[in-house]
Each structure stands twice: as C-alpha cells, then as structure tokens.
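In the two assemblies presented below, subunit A is common to both, partnered first by subunit B and then by subunit C.
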Partner chain A sequence: MALLPRNWPLWLLLLVLITLPIGAGILWLVLTALYNQVHGLIPVGRLAPQHWRFLFEGSVGGRPSIWVALKNSLFFAGTVAVLEVLIASMAAYAISRMKFPLRTPYLGMILTLHAFPAVSLLIAIYYILRVLGLFDTLVGVILVKASLDLPLGIWLMKGFFDQLSWDMEMAALVDGASRWTVFWRVALPLVRPGILALGTFALLSAWGEFILPFTFIVSAKSWTLALYMQSFMKEAFVDYGLMAAVGLFYALPVFLLFLFGQRYLLNIYSGGVKG
Partner chain B sequence: MRRYLTPLLFLSPASALILLFFFTPVVATLLLSFTDLSTTTFRHPSWVGLANYQDLLTDPFLKKILANTAKYVGLTLAFNVGMGLLLALLTSLVPENWGDPFRALWLLPRILPPVVYVFIWQGLLAEAPMGLVSDLLGVSKNWLVEAPWTAVILANGFVGASFGMLIFTSAIRAIPRELFYAAAVDGATTGQTIRRVVIPMLAWPILFVTAYQTLSLLTSFEYILLLTDGGPGFYGTEVWSLHAYHLALSNYFGNVEFGLGAAMAAVLVVIGVIVSLFYLKIFNFRALVTEPKIEV
Partner chain C sequence: MTKGTGVRLERLTKRFGRVVAVRELSLEVAPGELVAFLGPSGCGKTTTLLMIAGIYRPTAGHVYFGDRRVDPLHPRDRDVGMVFQSYALYPHLNLFENIAFPLRLKRVPADQVRRRVRETAELLGIGGILERRPAQVSGGQQQRAALARALVKEPQVLLLDEPLSNLDAQIRLSARAEIRRLQRELGVTAILVTHDQAEALAMADRVAVFSMGELQQYAPPDELYHRPKNTFVAGFVGSPPMNLIEGEFTGDGFRAGGLRLALPKAPTGRGWLGVRPEHLGLGPEGLPARVLVVEPLGREAIVIVELSGHRLQVLVPEDEKPAPDAEVRIAFPTGALHYFDAKGRRIGPE
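Right, the complex of A and B next:
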C-alpha cells in the first residue's frame, strides 16, 4: 500500500480502539465459559468444569444430547457444502464451456438471484416444504439452504472455469472422452482452489445457519447446534456459564479457522460473498 | 436438438432447485397473499382478493412498524458504510502485517454462528456482575431493554461493516500508486490525500455498498429476532420483515395469519425483484462483487 504515513502507529492505535468491542466479546465468552463467575472481564472464583456438564450428561433440562445436535450439524453443513459445490460446479461448467440457447439470459438470472434477498421467501418456502412433505426434516432444510446459496456458488465457480485454458479439455475431447469425463477428470481437479473456497464458505455458512432450521425444524431429534444453543436463550433463568461453554464448543471450528486460516478467510470473503 | 442435451444435463440439478426454491416461492408468496390462509383454514383457504392488503393499510401499528423499519435500515446502513470506510482506510494506513489481522478480526462477527454472536451481546449488555457494559458504566441495568435500538444497530452493524471494509479495501488497492506519489510530491498531508485522492476514487463502491445493503437490510431480521424478537414491550424493535415472519410463522397470538404475513412478505419480494433487476442494469455487477478475486 502506497499510503503509509509516518505517524502510522497513531492510526494503529485508533484501529485497536474501535476493534476493542470484538476482542472484549470473544474474551468474555471464553472467560465466562471457564470460570465460576466473571465480573465484566475479570474472573472471580475458580475454574468451573461444571459449565461443561452438557458434554457428559445425557441431556440438560430435557434437551436431546449435544452429541445428537453435533451429529445433525455436521451432517447438515457437510451435505449442504457437497451439494452446493457439486451442483454449482456442474452449472458453472456448462455456462462457461458450452453453447446453448438463452445462455446470456440464464447468466443474467443467476446474477439477479444473487442480489435478490432470498430470506423474503421464507414464508412461501414453509408452505412448499409442507406440501412436499419435507417440513421438519433435515433433508428439506438442506435442500433449501443449498438452493438459496446456489446463485453465489454458480457465479463463483464460473469465474474459476473461465480462467482455465481450454487446451487440456480439448485434448481430452479429441481423445474421445465424454463431456462428463472431461468435467469430472480434467476440469474439476484444475479448479480445486475454487472448490476449496466455495466449500469453506458453504461449510461456515451452513454451520452457523439459524433461521432456516429454526423455521423448518420442530422435532428435537433433528436439532442442529444452533437450535440446541438457542433453546437455552428462551429460559427465564439464564445460565451464562453453561451457555458460554455451549457457545464456545459450537463456535470452536470457526475460531480454529480464524486462528490458522486468516489469510485464506480474507481471500474467500473478498471474493463474491454476500453482505 | 441433441447437441443441447449435454448442457441441459449439466444445468438440470441447479435449474430444478432454483425453480423449486426461488421461482415457485415468488409466485407462491403472491398467491398466498390473496388468501385467508391461517391455522384454522390451513386445509381449505379461500380467495379473499386484496383484503389482506387492505388490512395492512388499516393496521393501527403500520406507522410504528414503518418507522421502526426506516430507523433500522437507515441507522444500520450509516454505521455499516461509515465503519466499513473507516476500517478500510485505517487498515490501509498501517503496514500490511498489521492491517490483515484486523480485517480478519472484523470478519469474526460475520462468520461466528449468529446464535453465539447474539449470546455474546446479550451477555455484555446484561446486569452486573456478568455484563461488561453495566460494569464499565457503573449502572447495573439490562441494557438490551434499556437501549434496544443501540443494541440492534450495533449488533447488526458489527456484522455488516466487514462487507464495506472488504470492498473498499480492494478499491483502495486498485488506486494507481502514481497518484499517491504525486500527492506526496505536492506535499499533501495524509488527510488531504484521503480526501482528495482516495475518497473520490471510492465514490462508485460506496454507492454500490449502500444500494446493496439497503436491500439486504430491508429484508433481513435474523439478528433482531435473536436479540430482541421485536421487543421490548409492544413492537419496540419490530421491523417489517420480522413482522411478516411473526404473523405467518410464529404463534405469537395463537392463530398464525399466514395470508396477512404473505402479503407483507409479498411487498418485500416485489421490491426485491425490481431492485435486483435494476442493480443488474445499473451497476457493473461483474466488476464489483461477482467477479471472484480469489487467489488461493
């Protein structure tokens, strides 16, 4: 950056000051999860392993075990990511490499949908899931989540396919490979960075997803971690220690990615991700 | 015709899902808004024409909800754009190895699960001894009840600021170095360089971020739902999109009014369709967000 003033430490100080609330929030979560009592950000009393009892007890206050919720969350996020990457790549490959009627309008539609606020469709989607018999099933929520993020995924993957040179695929086609083989064996391995980026984004986004499972899932056996944690928020007496521990447990993958993959995260989100 | 079979096959899974979960819901929202669908009439709704829209217009709380929505969108937007700009400038004014970790830190609110993120806010704003804000101010109160709007706007703003930050940062990076050298040779101060060189180059991205976030704020309600659920009291922070959701999908008053909720959602859907089509035309969408700049 060519804009580095001599008094940059001053600007850094200002940057630290406005970032303080984020640091304080994270610190508060960690301390509250670990200690018996916390006054503001100062722990008083001793370490509190009892906040973590949800890991060992079968159920806390009649909830399903957290391991059930963890399993559901892993299944939900994993399936959404795989579906999204696969389906978006297929569509993006066709748009990037093949000629078909209405190709430009199709592309315009994807772009428009990318800007369209899908959350306004929730009420109608509720109705559709009930008609399809997919209401209150993880499969239903997975399909909705993967679909709503699809325009972003298609556009992102199209960019990666566009940057590939055509020569390798051409050679494979000349050798008599089918379009599917070329896509699967030649093109897809070459856009691994794109797959990784979209995959990470989809995993993170589905891992944190709240409003879709909250709206479309009722049975506790299908709860994801988001619903498990939210069920504590509705209680009259808030057990901050326990909730902080659950929250820390739930957000651990995000914190790890933040600690070890900062650059990578910045690169992904500087791409075409929705605000 | 046969040669179009392959692209059709590649496009069919994506097209089927888009048809099912984008196009059908748009039409369904409009259709449902003309019915009296509710808990009692779920099996046999009847066509009521524009009655839901009439109910909307005569709703005594319409004014309150409109005012709330304007407040939420306006103030959050101002925070998002202002803070995004400030962060992009500040992280560009310090050496790169300092700037990047701060940018990453500001991504955290966005990538943390919303439930955990909101829980942190609730904790910080709670009564002493838990609440940090009560501790710092020396007044033990539940600040979420005391100052719900500040909480709603800050909680949403800390998530939204990173969007502008990233877009403005790449725009600042794209400014030709010669401009900075020229400014330095002319003896411009940092402030002058920012005002006269950087900001003018950011006019278009600022307009874009503003437009884009207006639409997404207008329809988003996830963080408000978790933070205050439209409270405290009667419709304290209830905005349009959240009210539609409450009417149609939550048992606030025992009987969910699906048709009325759909009418409110339909207004948002129509705005969404028109505005996003408009963006496609006006903004150089490709250059600004949609062209992936990922270098992994």
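Right, the complex of A and C next:
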C-alpha cells in the first residue's frame, strides 16, 4: 500500500478512462460474436450460434477449414519464436562475451535495423523470396518475420547475458567445460527469464503478424488466422457476426498467453537474473 | 591421497594492449607447497593466477606443471581446481550439482559422482546442506562449497583467488587454518592470491610479493619479514609497516635532517634506513621525541612519535603506552635495522 500514490483513486479513474475504448471494443467483439444483432453495445435479438459454424463446417464460403489456418498460425508463431530465441541467444552471447573484429559496427547495425521500418523492405523481400523459391510458402514468411524481429531479440538477450558474472564462466572453464558447454549449461540456464520473455514476446508478435503473410502468401492452404479473417472483408456483404466470432477465436490464445506469460514479459522492462 | 605437481613459470609476460600487467615473471612452486601471491590490487597477481589456470593466454613465456608445458592448453586439460573471490557457484544448481559439475563434465559414472561429492562435502562439513541452492546458504558455506568444487576432481594444482576476503572476520581465521589443513592433508600444490599480508604470512610456505607486475621478493614468511629485499616489501609486509627514513649513510652513521645515528659498519651514500615498530624502544635512553598519537590495539599500542622532523611508529605493550604530547626517548636497536640504497634495494646489514 505504501507504494500507491496519495491520490490513487484519481489515477485509477484516469487509467479506467484510458482503457475504456479498448474495453468497449472487446465487449463489442464478444457481443457481436454471440448475438444476432448489436445496436451500439446493446444486443438485439437472440443468441446466434450460427456465427460459430466455421468451427464445424469444413469450409465457409469456399475458404479452407479454420483448423488449417489455426495449424498454420501455430506453426508460424511457434517456429518464429523458437528461431528467434535460439539465434538471438547465440548472437547475444557472442556479442556480450567475446571479442571479434567489427563487433562495434555490428552492434550499431543491430540498433539501426531495429529502428528500420520493415514495411519499406516489402518489395525487396518479395524479390528475394521469389529468387529463393520461398514466395507463397510459410517457411519464407517465417524466415522474414524472424529476421525482422531478431535485432530487438539480440539486444534484449545481450542485456541479460551482460549481467552474468565473468567469474562464473571462468569457474566453468576451469571445471572442465568448453566454451559451448559454458553457453549451454551455465549461461543459458541463467538467462531463463530472458528466454521466457523473448519467447513470449516473439510468439505474440508472430501470432498477430498480418502484413507479411498478407504480402507473401497467396494460396489459401497457407493462410494464417489473420489472413483467414481478412478474407471476410473482401466480400460484398460482410457478415460481422461471423467475423467477430472468428476474431474472438483468433484472440483467445493471446488472452491465455498473457494470463500466464505476462510476468515474463515484464522482465523485458525490469531485466534481472535472480539466483 | 593425491600428490600435487610442481609449477614453474618461465619469463611469463602478459600485456593488455599497451599495459604490461605481468613482466618477465619466473618462479617455481614445489610439489605440495602452498605459495601466496601477495601485493596491492592491480599488481598482476590475479592475472598470473589466471594464466596458470589457462583463462588468460600469456603474451610471452611458459607455464609448466612438472615437466609438462601447459600454457598452450585449454583450462580443462590442465587439471586445476580454482576458488574465486566471489565463489562463482552456479546459482541455478544446488550445492550437490555445483560440486558434481566438474565430474559430470568428465563423464564420471553417476555412482562414483555421488560417492566423491559426498566424501568431499563431508571433508568440508557441508554434507547436510547439499540439496540447497547457493543463495540459501551462508557465505562461509558457499566458500566451502566452492572449495569442494575445486577439490572434488582431485586436481594437481589448487588455485585460490582471494578465497577469504568475502568472509566475516571471525570465520576468516578459522577458514584460514581449515584451508591450510586440507591442503597439507591432500598434498595438493596450492597458490593463494591475497592482498592481506597477515593471511599470506600465516598460510604460505613461501610468499611471492608483487608490485606493478613485477616480482619483488620470493621467500619464506620469516625471511620476508626479517630480510626484506627492498623498500616495497619492507613497507608492505608487516602491520604496522616498517618505518622508512630517507637520508644519507656516512660509513659510520646515518643522517636525515636533524636526525643523527651512529652506526658502525654503515654503508655510504644516499638511501633509506628501515626499522620495524616493534624493534623501536621507548625508554629512559635514546633520542628525544614527542608523542603525537596513541592507538591502543588491546594487547599493544601503536605510538606515533615525532623525532627530529620524522614521524615514526612504535609498537609498545599496552601497559607501557605514554600519554599524548609526552616527551619520550626512542632507542634504535642496532641489531634490527635495515639499510636500503637510493633505489630502495637492500644493502645491509649482512
């Protein structure tokens, strides 16, 4: 309680006011997904289970099954997260612990890349994917997404590795470890908070990714959930009830992940290795 | 029990960029001996230790364990155990796994690992807390665990980098004796890095005094104390330190400002006269001096006096300590003086 500011009810009110539009949006999404019609935020008519028909019907309006899109999304987000954590950890360890030529320019480049607007690269990436034969494949988009997110990940992990004591690594070397063993058995377990934070962050970021799959994937069999949902917008008559239901379905894993993962995400900002 | 191997350093040099951390260091440690590297921080003693461990690669020179040249070898191929000042235990592992770590890396069979970890832990009196993590045990227990981890693989050479300086003063004394006892019992060759001269003198068979990356003197504690090779060693070893007066030797005496001493068989030329505080006497005879400060230490007292413009420290028994501002007489013991030349090198008496 001592940590609360004196006029905390006012602050609380302010926070509620800021959150209100987002809350209203989520409420609208839930109501629209459940009821026939919604006027403002007031449901009209009866419950509308037909909005959820996409779960049971193999295909809605010629689209592939939502389960295919779900599988694609899981594969996409999962692979991106694993790739990012793995590569960022190794790169960050090297940057944090080793001396090598061009280390400083490399660090500067990572920061620059992090600040670079990825959208401006879309056309160039399109050509690269075409040349590599990875256009219109999930693998291609995974590589692009992981690469674009890596600078942030490397920087984040470097912060965690920087906090490890040198003595501990020296001790491991004297105990008989190789540099690889030190990395896998001593350094990596100690930056677990960083790995969980980056993993959660990468998973969420990839799950919500739209512009990359939208640009680089054409075939419906490779659609992620974002593309599946977007396809409803193209129709002459947009079925908002159906779309809201799909949107809710799409958002559900994120809610769950936040519920369990938010304390790891907080590590990104507080940073800290506790023994 | 294992018998340690000797360690020989041959013209060992380490440069960091333009800074020379260790210069042309040659020194030999006999098998089973405990040698202390003593010096102020930044003198190169830890750098030398890390070169022996294999963490640092020497810029020049060689390291031998027995007849085996080890300086090109990776630390894991050197068979050394090391205790760090920070203990450097692995916080994500419990004490058992910490101590077992070197054995697991050597792929020792699990039942042997269990037996050897237990044995080593019992030896150090931490057998009952092996399930705890480092953060859950006291500093003294962490230090023991670190020592156990260093000893469990029965190394040829044990390296101790300021192992006691993070301990409370009370435990430090008992840990000192404990380490010494273990080292003797196991017969392992040990090198102890410390900046605490009392620790070095108390624990080591021989002490290597370092300053500015160079070896100043390498000798058993009593020789270091009674025959310091230069003014650095004279001033660094002993507490309170030796009094050093700069002046001129005249062949039959010593002159410094208003101070005149008659010394038969004195050298000639400029230099330093050294005398330990406990060898100076306060008494009815001697040169007149004035007491500036009295620092009681319990059994003894340090008396700082002014003698012809020079400040000297005198160690006297507690019950003989004078009052501040008292006029006293200082007797110089002709048998316990040290002569150094203008560059600080010892020139006598023989």
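By definition in this document, the second predicted complex is superposed on the first by the 237 of 275 C-alpha atoms of A that agree within 3 Å, B and C clash if a C-alpha of one lies under 4 Å from a C-alpha of the other, contacts with A are read in each partner's own complex, and residues count from 1 in each chain.
Simple rule for what comes next: a contact is a pair of C-beta atoms (placed from the backbone, for glycine too) under 8 Å apart; a residue touches a chain by one contact, two chains touch by 3 or more.
For clarity, every value in this text was computed on a predicted model and none was experimentally measured.
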item	value
Touched partner set for A:Q50, first subunit B, second subunit C, both or neither	neither
Contacts of A:V174 with subunit B and subunit C, given as first, second, both or neither	second
Residues of subunit A touched, compared between subunit B and subunit C (which is higher)	B
Partner chain in contact with A:Y250 - subunit B first, subunit C second, else both or neither	first
Contacts of A:S219 with subunit B and subunit C, given as first, second, both or neither	neither
Which of subunit B and subunit C A:S59 touches, first, second, both or neither	neither
Touched partner set for A:S165, first subunit B, second subunit C, both or neither	second
Residues on subunit A lying within both footprints (that of subunit B and that of subunit C)	274-275
Interfacial residue positions of subunit A with respect to subunit B in the complex	1-5, 7-8, 11-12, 14-15, 18-19, 21-26, 28-29, 32, 37-41, 44, 87-88, 90-91, 93-95, 98-101, 106, 108-109, 111-128, 143-144, 146-148, 150-151, 154-156, 159-160, 179, 183, 193-194, 196-197, 204, 207-208, 210-211, 215, 225-226, 229-230, 233, 238, 240, 243-244, 247, 250-251, 254, 257-258, 262-272, 274-275
Sites on subunit C touched by subunit A in the complex	50, 53-55, 74-76, 80-82, 84-86, 88-92, 101-102, 105-106, 133-135, 149, 153, 159
Contacting residues of subunit A [partner subunit C, same complex]	165, 167-168, 170-178, 181, 186, 189-190, 192, 273-275
Touching residues on subunit B, where the partner in the complex is subunit A	4, 6-8, 10-11, 13-15, 17-18, 20-22, 24-26, 28-29, 32, 83, 86-87, 90-96, 98-116, 118-124, 126, 128-132, 135-136, 158, 160, 162-164, 166, 169-170, 172-173, 177, 180-181, 190, 193-194, 198, 209, 212-213, 215-216, 218-222, 225-226, 241, 244-245, 248-249, 258, 261-262, 265, 268-269, 272-273, 275-277, 279-280, 285, 289-296
